[in-house]
Amino acid sequence: MTQASSFTADVCPLKAEKLACFRGGRLVFEDVSFTLDPGQLLYLRGSNGSGKSTLLRLIAGFLRVQKGVLMYGDDGWWRGDAALSEAVIYAGHDNALKPVLTLRDNATELARLMTGRLVPDETLEAAADIFDMAHLLDQPVRYFSSGQRHRSNLMRFAYLKRPLWLMDEPTVGLDAENREALAGLMKDHLAAGGMIIAATHDPIGVEGQMLDMRDFQPDYDLEEGWL
Amino acid sequence: MTASSFGIFTGLVKRDIRLAWSQGGTGTMALSFFLIAVTLFPFGVGPEPKILARIAPGVIWVVALLACLISLDRLYQADFEDGSLDDLALSPLGLSGVALAKICAHWVSTVLPLVVASPLLGLLMNLPAEAYGTMVFSLLLGTPALSLIGSMGAALTVSVRRGGVLLSLLVLPLYVPTLIFAVGAVDASANMVDPAQPLALLGAASLLALVVGPFASAQALRLALE
Amino acid sequence: MHRFANPAQFNRLADRILPWAKFVLAASLLYGLYLAFLGSPPDRQQGESVRIMYVHVPAAWMAMFCYMVVAGASFTEIVWRHPLALLAGKAAAPIGATFTALALITGALWGKPTWGTYWQWDGRMTSVLVLFFLYLGYMAIWRSMDEEDKAGRAASILALVGVINIPIIKFSVEWWNTLHQPASVLRLDGPTIDSSMLWPLLLMALAFKAYFVIVFLYRMKLEINRRKLTVLRMSQVNRR
């Protein structure tokens, strides 16, 4: 699958400077900085609650940034709904599948939500094939096991074309074969000049930088930051 | 609106209508509630035709309002629970557009059947013949305001467990003007008075809700994403 | 950044205002009550029952005023995200709800001798009732979520939507009322009110305002301390 030609615009480096995030009245992390060039992968590591998911959601625009900057090339990263939508694919913990719809319908609805167009059947079937889901395309998702649901969710990376992938625990519940398939998909994306940020406990066989979220745990300073 | 965002909008409306009418959807429940709840009133106040005719516009409107309200509970909740809200937020439409699409879908799938069924209930409630046209028209004109205002409440309570009761508490006071204008119009027709003024006010209430509703809903949904 | 706003300054300001507010409250309440009960004449039509007005009208004013405070705080919170604004809305709402309830109860008590019934679906009383419901919704949403910041922002959105709706509700209720009750009820909003009645009314209004300021400031201080406690607890839990 060649993807380089499919990005609607040139891929620029993503640069974070001193990002901080509050959630639930708590400072989750502070002073997070990194640079991600096209073709690079960034692993987020750290224990549960260290802010891996929060950082991903911050980049996806779900959380408002309260401190620090995130740059895309020379521009700010968050430049409106359409620009953000064109730049990222996000896959979170929840699989975002409607149980009453078939896998094909779920995928079609997601593609239409993001692009306004339908996915060609071949693309969809090829995407399903990567994770060995092709025979399940026309089954309602409600009968799927949790592993199958997770793979259904990962399929989006194969049929949507966006430069930055945000993956929250992509390897959970994958067997060796599917891990291989996922690694292959990620390598293709990187080779095509895409970027990936993956929050995961166990890096799969793809080279990448490491960012340990434990390094950014805040100190509580009652003199200043207690409100 | 560009061609692509129009496609996204209509696609989302269609998706939601389909989900509302599939298993586990709320489409049929609101209609059943509407029919059952209205028939309770003759049992409560007695079958005297004159009394029923007098209260018919109010009863039909109040129950339609409640039916709309109970179905709004799930407007964003299912998407919130299964993670689809993240995808909706990443759509190029933006959350305001998404909210508007979901409101449209709710209105078509859940409220429109109430409007269609309302003449039948008018019959049961001995509604004066002159008022049928105004009643259906007032429902068509006024119920979008109910969906739009209710959407804000649904978005505010999306992350609250058992948010239905809270939703009623938030939304019902805001429904007062819509109810007053709508019933005023139907009452006017029943009494052979020109209903143009209350209908105009009702339309204005819907328009204002159209301006505020999607935007406030989007702001509230942002909170749920955090 | 506002998030790091240090409320010590607020506390100092509050401590400076509080004694003055207490003095104003004591003086205006004592003199106002004296005038209201002893120093003003009974009404020609209503007799002694007119004296309820000196509580009822200022309470109704405060009901509106407090909602404006809540709405202003909500606006500040939404636009500038100032944490003190979040707390200001939370602090003001229950006071406003209490004044609203007071206005409704005294209105009913006044209605009995004046209209012959406790409750009249009069345009004013009905819209005050709806205002009371808006307060209830605002306070309910504050209590509905574990995360206080989120709950507060949800409540702020609701308060702002409510503020857009208040004039519409008021208009619709008045419109509805004239539709159903062409005969006008006795009201005290005639253009002339005798100065012997106006003075106690204004003094009582001043006393209510001072009372609001005092309770509001104490509630703000309380909320700030609660926050401080939360962060202290959190720093204990997160210590490693």
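To keep things simple, chains are lettered A, B and C as they appear, and every chain counts its residues starting from 1.
In the analysis below, a contact is a pair of C-beta atoms (placed from the backbone, for glycine too) under 8 Å apart; a residue touches a chain by one contact, two chains touch by 3 or more.
Remember, predicted model here, so these are calculated numbers, not experimental data.
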- Message: Among the chains here, which has the CA centroid at the largest distance from chain C's centroid?
- Response: A
- Innermost chain by mean C-alpha position: B
- Note on the structure: Between chain A and chain C, the Cα-mean centres are separated in Å by 48
- Length of the line joining the C-alpha centres of chain A and chain B, rounded to whole Å: 36
- In whole angstrom, what separates the CA-based centres of chain B and chain C? 32
- Sites on chain A at which at least two other chains make contact: none
- Query: In chain B, which residues are in touch with two or more of the other chains?
  - Reply: 226
- Task: Would you please write down the residue numbers of chain C that are in contact with two or more other chains?
- Result: 150
- Query: Touching chain B in the complex: which residues of chain A?
  - Reply: 23, 57, 60-64, 80-82, 84-86, 88, 90, 92-101, 109-110, 112-117
- chain C touches which residues of chain B in the complex? 152, 156-157, 159-160, 163, 166, 169-170, 172-174, 176-177, 180-181, 184, 201, 205, 208, 212, 216, 219-220, 223, 226
- Item | Touch list for chain C against partner chain B, complex | 78, 130, 133-134, 136-137, 140-141, 144-145, 150, 153-154, 157-158, 160-162, 164-165, 168-169, 171-173, 175-176, 179
- In the complex, go through chain B and note every residue touching chain A. 3-8, 11-12, 15, 19, 22-24, 81-84, 86-95, 222, 225-226
